[in-house]
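You will see subunit A twice below: alongside subunit B first, and alongside subunit C after that.
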Partner chain A sequence: MNTNTLRHRLYVFVLVVPAFIVLFGVVIYPFFYNVVISLSNMNLRHIRDWRIVGLDQYVKVFTEPSQPDFYAVFLKTVIWTVVNLLFHVVIGVFLALVLNQKEIRGKAIFRAILILPWAVPQLIVALTWRGMFNYEYGAINLILTQWFGLPAVQWLKQPLEAFIAVIIANVWLGFPFMMVIALGALQSIPQELYEAADIDGASWYHKLKNITIPLIRPVMVPAITLGTIWTFNNLNIVWLVSNAGEPSDQTHLLVSFVYKAAFNFYRYGYGAALSIVIFFILLAFSLVFMRSSKATENVYS
Partner chain B sequence: MIRNKHKTSAVRITLSYLVLGFFVLVALFPVLQIFTVSLRPADRLLSTSLEIIPKNASLDNYVALFTERPFFLWLMNSTFVALVVTVTGVALASTCGYAFSRYHFIGKKFGLLSLLVTQMFPATMLLLPMYIMLVMLHLINTYIGIVVMYSATALPFCIWQMKGYYDTIPTSLEEAGTIDGCNQFQAFFKIILPLAAPALVITALFSFMASWTEYVVAAQILQDTEMWTLPLGLKSFESNMGSEWGLYGAASVIVTIPVVILFLSLSRWLVSGLTLGSVKG
Partner chain C sequence: MAIGAGLCLLLSVLAVPACRRSDDGKVRITIWHQDRIEIRMMLQRQLDRFMQLHPEVKVEQLFKETEELRSGFIIAALAGQGPEIVYGPSDQVGPFEMMNIILPLEDLFQKDWLAGYDPRAVTWYKGHLYQVADKLGNHLTLVYNKKLVPVPPQTDEELIAVGKQLTADTNGDGKIDRYGLTWNYTEPFFFIPFMTGFGGWIMDDQGRPTLDSRGTIGGLEFIKRIRDVEKIIPNEADYNIADILFKDGNAGMIINGDWSWAGYLKAGLDIGVAPLPKITSTGLWCGTMVSPKGFSINVNVTETKKRWVLELIRFLMSEGSQLEATKELFTMPTCLAVQHGDFVRDNEILRNSQIQIDHGRPMPVVPELRAIWDAMRPSYQSVLAGTMTAEQAAREMQALALRRIKEMNE
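Moving on, here comes the complex of A and B:
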């Protein structure tokens, strides 16, 4: 190709410039503007006449004695992420294994139904679960009392129960993603490996440990990283199921905590500083996780 | 021995169907709940029965949505916003992704990395600066404001995804095209874009979904009831759970059905797009 003609350069220029404008508009500008806001005293009263106040907002993030404070919310976010991912991956991979057996009929139908929780919009998932957790009329309590004779639970009015309710809703919506990814990975494992293992008389457990898990691992690791980031940052479910952190701001994750600070209390500087802190927590996690999973990958091979 | 093996596999298969059956119930139950609520007549909205088709089931809620509420207006608003975001997303992601896939330029590596890093931004990190910018520009309560917001959140992932797909198309195709007399624009539009159709479909679906049922951003930007999109209307019904729960159910069914159909028919490509996007790079 005649790569150096003027025409070619013009063509490259025309394609690359929009990419840069978009990148600047949606990543670089918001990021740096966010940094500037985080160093300022901007809030509802000082939206135009703000000034730089240094690291004050960051100090507030870590030391402000609010109820709940940063550390309590951070701990809750970690628990939320770990519990959700655990259930997503275990249920997802388990269902994929079950569904991938060659004797199972009607795979396409099972797959389509099991994918539903992922397909329903998150807003509707959240609001419907909120209705289902209603004390008197919600389906969950009706099932507990009418089918199992258990006492009804005040799901949305107590901190621990509300947190469990939010987790249940999110486990429900998250397992199909892992199932579909795992199913794709399982289908790419050559059948001969299992046949060879059968000839050697390998048990079910050995096949799982020595063939299945190592071979779906390269696909699952990026999916789990992505899933962790999405779960850690999932504002919709916690915000809508707990109706903005009820009871009395006890049901918050970092991302809903910062959303409330910024948009309900108009603390822009503080919100921006907390956003940056959350971002660096996630960045650090992703780097460490990707690196450590690469390290164990090398041990395997 | 062989007989024994047959027996264990029969047990295994039965157990498998039981497990699948259980999870089918779990997956379906909340979906059926929405459906049930939408069919409840007004005097039985708060019922303590668990039947799926309620007694005296009626379509009154669906009728009320269109005759007594501005639901049709919200439907039109949402469709408009979602279509504009989809067209913007496809146009920008298909060209930017191509640039990132085919050309070397200063800042390319940094650009790609920064697109990936946006996935780690908490929602407020884009929302807050852009919201303040929209306030300064007097774009709050306008569709321009919300389209800018949605495009900004959907684009990084779409560009990354398109770039990953273009990487799988050999460059020799464009070269063959230019030898046959296409110029480079024609080679892109006539040869590469049609081949990238699956990725374009995913980009379109993703952009559409990012706006069609988005609530938290819309809640900050659209203030007048006449400007509202569907999610804001849905939330307003839900807030009056006692009186408008049936309307909520009916509206949810109408909003969800097209999305679920789209999603199920495209889910195969969706996953390959996702894994390509995250594994390649």
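Moving on, here comes the complex of A and C:
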């Protein structure tokens, strides 16, 4: 190895080390420490004298009777994630397609307005939506009853309605991200492709199917993957809109189970095990989704 | 996973001390608390005065939300760090003691000094003193708008009668615009007065839950009755909705805590505070949980700094500081000289607050209280949603509380 190569490697090493130290401190070490806690009996009574107890906490995650049931919460979390993502992507891409039209004037203003939900702090969004879903004074029921003559809905008192309410709040909050990503991807598509398609007499639908969607896919797939992870783990909206699981603990997601176990009941070992389970669920989804959607393949090749 | 990772990260790498000798050579003391803005402003004035008296000390207050304060202090103290002083209601003493993160105080404060305070303001747990409080209460009372309610109700029947008079469709659109009474009836903490009014309580002396009782059933049925039959409370109200209804004059009475009175007065409302009514059928007053709010000391505080921490607590607990807080915030002082002094005696709000405190019971400090709150919430809400009877709810609460306590203590 000559001096130049050695110097080059040293240079690379020096550049990488700070990032690695930060990564180690905030991701790698906490992750493995979390694994260790998940194998321990750490809780309120064993906070200082905890010991490794093997897979006990994992067994409890899957077998311990809980209220509500773990599997029911898992199913609800999957439904929550799928429905949210579906609306985020469909609304986001639709609005991006509209904003990408040359004929639209005042694009910057529309873009700013549509990004607004994303810019407002989640706490404000959640509490505002909670107020809007109030049975007697909320804007949603006032619109339903006074404008459409429909009966008022008990949004926050019935399990299904409360679940729909938190989904509505999160759809409103989440579509701007997908819109911004899709808009960026749309603007990077070479205009010549559309011109060539026009010459061939392609319809709007064929251009969407054969040019737009394939070319925004490499950008959208990672965004959807990221959106899935965020939505699956979104504690704030569900916790705040439903006021910590109202009604009757029926609007919990898996992540709020972790929160309750760790921070309300001091069951750190159990909470850590549950968080590892969530990690593997999301890891499996990400790997399968990235592979099946061929997101890492070069679209132009 | 993010929570898990965050928990581990904080547990493991929390290495930034919240308290140390600062760059300017001053001894730095930090207080974590959960108090609202008016109290923060007043506390800052008191801290500024303390720092003028002791220029070698720098004191900083840091506000944290209730849960954030609790979990943050646990994490920091376990990592050997954290604020020197943690301030809050006495129910945090149980878990903090169990984790061995707060100091026993019985050898740090002289008995003569402690004798100058209401015995309910010093929190003993497992034979040790862990908290000294400057405020007593954190309790619920009946707050009423004097323009709408000239004389507050004394009994449940009077409450219903006054409530019916007030509840009205004022603009004739077929919808009720003003209710007699409101409160945050999604939270079990606000259910306690009704439970006690019907003879119930949450746990026995051994810390075992006692939720499957006539008191629970009676309280639940009473709330259902005044909402669905008498219709004197809104169909649905959380804290914010109830607060806004009362502030806007759309509710004549509200059940709210001592923390709210100063805000209502500041908002220009002509309010009165009255004890919660007596339940005619049982002859019992609706008693609330009464909790001191006070100071505990981090177990990691250094010997050299301990002297200043104690000095600061004595200063904040002093007669002058407490009188200032009482006049501004209408909170019940713990210093006997102030509690029995002219201001409290001559102030209608504080007099009635004192009566309500006397009707109440101390909030348990055992960690199991968390399990009980959590067990009460779902069934309580189910009754209000009409999906469960009061009897079923009482049974479910008890069963869930037992299970939660078992899980916590395994």
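Here, the second predicted complex is superposed on the first by the 273 of 301 C-alpha atoms of A that agree within 3 Å, B and C clash if a C-alpha of one lies under 4 Å from a C-alpha of the other, contacts with A are read in each partner's own complex, and residues count from 1 in each chain.
One rule holds for everything that comes next: contacts are C-beta pairs under 8 Å (C-beta built on N, C-alpha and C of every residue); 3 or more make two chains touch, one makes a residue touch a chain.
Given the structure is predicted, the values throughout are model-derived calculations rather than measurements.
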| item | value |
| --- | --- |
| Combined model on subunit A: subunit C and subunit B, fit or clash | clash |
| More subunit A residues in contact [subunit B versus subunit C] | B |
| Partner chain in contact with A:G131 - subunit B first, subunit C second, else both or neither | both |
| Subunit B versus subunit C as contact partner of A:Q67, first or second or both or neither | second |
| First, second, both or neither for A:V16, with subunit B first and subunit C second | first |
| Contacts of A:N236 with subunit B and subunit C, given as first, second, both or neither | first |
| Partner chain(s) touched by A:D249 [first = subunit B, second = subunit C, both, neither] | second |
| Subunit B versus subunit C as contact partner of A:F279, first or second or both or neither | both |
| First, second, both or neither for A:N34, with subunit B first and subunit C second | both |
| Touching partner for A:E161 - first (subunit B), second (subunit C), both, neither | neither |
| Shared contact residues on subunit A - subunit B and subunit C | 25-27, 29-31, 33-34, 37, 47, 127, 130-131, 134, 136-137, 233, 235, 255, 258-259, 262-263, 268, 271-272, 274-276, 278-279, 282 |
| Of subunit C, residues touching subunit A in the complex | 1-9, 11-13, 67, 70-71, 74, 78, 95, 98-100, 175, 186, 234-236, 238, 240-241, 367, 370-371, 374, 377-379, 381-382, 384-385, 387, 400, 403-404, 407-410 |
| In the complex with subunit A, residue positions of subunit B that touch it | 9, 12-13, 16-17, 19-20, 23-24, 26-31, 33-34, 37, 46-50, 92, 95-96, 98-100, 103, 105, 107, 111, 114-115, 117-133, 135, 151-153, 155-156, 159, 175, 178, 183-185, 209, 212-216, 220, 231, 234-235, 238, 241, 245, 248, 252, 255-256, 259-260, 263-264, 267, 271-272, 274-275, 278-279 |
| In the complex, subunit A residues that touch subunit B | 1, 7-8, 11-12, 15-16, 18-20, 22-23, 25-31, 33-34, 37, 42, 47, 91, 94-95, 98-99, 101, 103-104, 110, 112-125, 127-132, 134, 136-137, 139, 142-143, 146, 172, 176, 180-181, 184, 218-219, 222-223, 225-226, 229, 233, 235-236, 239-240, 254-255, 258-259, 262-263, 268, 271-272, 274-276, 278-279, 282-283, 286 |
| Contact set on subunit A toward subunit C in their complex | 25-27, 29-31, 33-34, 37-38, 41, 43-45, 47-48, 64-65, 67, 127, 130-131, 134-137, 154, 156-158, 233, 235, 243-250, 255, 258-260, 262-268, 270-272, 274-276, 278-279, 282 |
